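What follows is a set of structures for review.
Shared chain: chain A. Partners: chain B in the first complex, chain C in the second.
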Partner chain A sequence: MKWWKYLTIVLLLYTVVMGFLGHVPRLAILNETERNLYFHVPMWFGMTIILLASVINSIRYLRNPSARLDTLAHESAKTGILLGVLGLLTGSLWARYTWGTWWTTDVKLNGAAVTMLIYAAYLVLRGSVSDEQQRARLSAIYNIFAFSAAIPLLFIMPRLAEASLHPGMGGNPGFSKYDLDSGMRLVFYPAVIGWTLLGVWITEVACRFAFVKEKIYEKQEKQLA
Partner chain B sequence: MKSKKNNWLSRAVALLLPLLLLAGAALAQTNAAEPEMADALRANGKIYVVVLVLVIIVTGLLVYLIRLDGKVSRLEKEVNN
Partner chain C sequence: MSLPAEIWHLLLKDLRLEWRQRTALAGLLLYVGGTVYVSYLSFTARGGLPPAPAWNALFWIILLFAALGAAGRGLAQEPAGLRLYYYTVARPEAVILAKIFYNALLLLALAGPGLLLYTLLLGNPVQNMPLFAANVALGAVSLASSLTLVAGIAARAGQAGGGTLLAVLGLPVLVPVLLIVIKISKNALDGLPWDVSQGPVLTLVALNFIVGAVSYVLFPFLWRS
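Then we have the complex of A and B:
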């Protein structure tokens, strides 16, 4: 097993233990739910990083087409979507117990939801084209569109908005740096790295599985020929 | 004489008790004004139950992923030979 996989295990176990036992500031309304910072926020960090990897592989595909690059882009996008959906679900639950509602028409919430819909369309597009090369090419181009729509929706529009319930107004859309207690950073940064690495790990296994499957099909075709 | 003394004592208690209760209530209120945290839960150790549950879940998911990783590795070896 590669070294970064051991790092993932250590960081995730550290996050789960210290995430509950570590010191957090006493804040009204939030109370103990601020520990969600170690679990909800890293989903979005992980999603953004893995979707960036996906679009980079799509651009590489268009420059130099290969089935391998298409698989890398596709599997990365799938993991990114998984993390994004988990981020939406956990955020909604958190909102229910701090804002009193599952969902509000907030620019950050809606931006994240629209991003997920755009990426869902990526999967729909892939599923609707049977020719492999055409599918790879079309979805690579769509992936560039999806990522260039996601960045304004997640990082630019919230900054232009007048008001938002979500932490981090007038700065980083996820949270304000002043919201972070120095003790919480000691858990938060490892948590971001740990959850992101878990996403990378899942993607790596999914890609290797796809490559092996491809190889087996090739061998079968040779035997038939 | 003795009964008179008892009477005085019981009156003092009767006067002090409501005052003490009021003070107690006031004290409880100042405690409630501070944001509620899971202090009691951690003090009596029950938060560790939650921590252990999550450690079990995360370990379980990681073990599953490690095994899946291993299976793919074996398959890769088999196909390449």
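Then we have the complex of A and C:
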């Protein structure tokens, strides 16, 4: 196992232990739900980073097509969806206890929903093309196109919006960097790195699995021929 | 030939073809007219006209599906041989820009009569009509520009998805556009002053430029397949 995998385990253990047992400031309404900062917010950070990796691999694919880059883009997108779904679930749970509802029509929530829809559509597109090269090229084009259409939604629109229930108005769309308790930072930043590394790890395993499957198919085809 | 000249000739060619085969345009117009009439019948079944928010939402949903129907015809209908011919006489950038302009004109031709019929049958609660009309025009252009490349991808993905694939791929990309457009038309309905709508209008124009630029860069890759 590589060193960063040990780091992932240590960071996530630290996040979970300190996240549930560590000290958090006493705040009205938020109460203990603010511990979600260690789970929900880093998951979105991780998702953004992994989806960015997916788009970069798609761009690399268009510049220099290879099956490897296509697999990297595909598996990164799938991990991104996983982290996004986890982010939605943790966020929804948090909203239930602080806002009293599972879902509202907030700018940031809309952005999150659209991102999930885009990558679900990406998977549908991949599923509906049978030719491998065609599938790789089309999905790379769609990935880049949809990502560029979603960026304004995730990063620019929340900053322009006049009103949003979601924490972190007038700055980072996820949380407010000015009122973050410095004790919480000690857990939050390791959590961001930990969840992102977990995403990278999942992607790596999924990619290796895909490569092995491809090799087995090739062998079977040779035997048949 | 220079790029603007190529775009101009391709656009003229598309418009001429559309004019020679008027059935297609008439079909789309009939679709819009039919939907408006059915909505009129459904609302009057209970007596009275729809409230302003429903009026607004219904109008944009009709226009959205008209856009999906219109975009499905543009790039999808051309046979492979014809594509090969274009490849020899024009550069891909000119083809995609001409298609975007053509789709925008087509959608404007649908939205104009559609709005007229809609206000005739379902009443006109709009307080700031110039802003609303301008917003419809801007919205039609935005829908067209976001859908053109996606329609190209869906057309290449083949028959597996058929018409649904375009909707699946297009809707997530269109949600940001629709959110902004509906916000501006709500402002127009309520007769709010122009400076309230200025921000969203500029965002929409900026989004159009992003989508147009990304289509311009990506279409050559789609074209090659």
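Following the convention adopted for this analysis, the second predicted complex is superposed on the first by the 225 of 225 C-alpha atoms of A that agree within 3 Å, B and C clash if a C-alpha of one lies under 4 Å from a C-alpha of the other, contacts with A are read in each partner's own complex, and residues count from 1 in each chain.
Just so it is clear, a residue touches a chain if its C-beta (ideal position, glycine included) is under 8 Å from a C-beta of that chain, and two chains touch if they have at least 3 such contacts.
Quantities reported herein were computed from a predicted structural model and do not represent experimental measurements.
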Which of chain B and chain C A:Val205 touches, first, second, both or neither: first
Which of chain B and chain C A:Ser130 touches, first, second, both or neither: second
Contacts of A:Leu13 with chain B and chain C, given as first, second, both or neither: first
Chain B versus chain C as contact partner of A:Met1, first or second or both or neither: first
Chain B versus chain C as contact partner of A:Lys215, first or second or both or neither: first
Touching partner for A:Leu21 - first (chain B), second (chain C), both, neither: first
Which superposed partner A:Val85 touches (first chain B, second chain C, both, neither): neither
Intersection of chain A interface sets (partners chain B, chain C): none
Chain C residues touching chain A - in the complex, by the definition given at the top: 146, 149-150, 153, 156-158, 160-161, 165, 168-169, 171-173, 175-176, 179, 199, 203, 206-207, 210-211, 214-215, 218, 221-222, 224-225
Chain A - residues contacting chain C, complex: 62, 110, 114, 117-118, 120-121, 124-125, 128-130, 133-134, 137-138, 140-142, 144-146, 148-150, 152-153, 156-157, 160
Of all residues in chain B, those that touch chain A in their complex: 34-38, 42, 47, 50-51, 54-55, 58-59, 62, 65-66, 68-69, 72-73, 75-76, 79-80
Chain A to chain B touching residues, read off their complex: 1, 5, 8-9, 12-13, 16-17, 20-21, 26-28, 31-32, 198, 201-202, 205, 208-209, 211-212, 215-216, 219
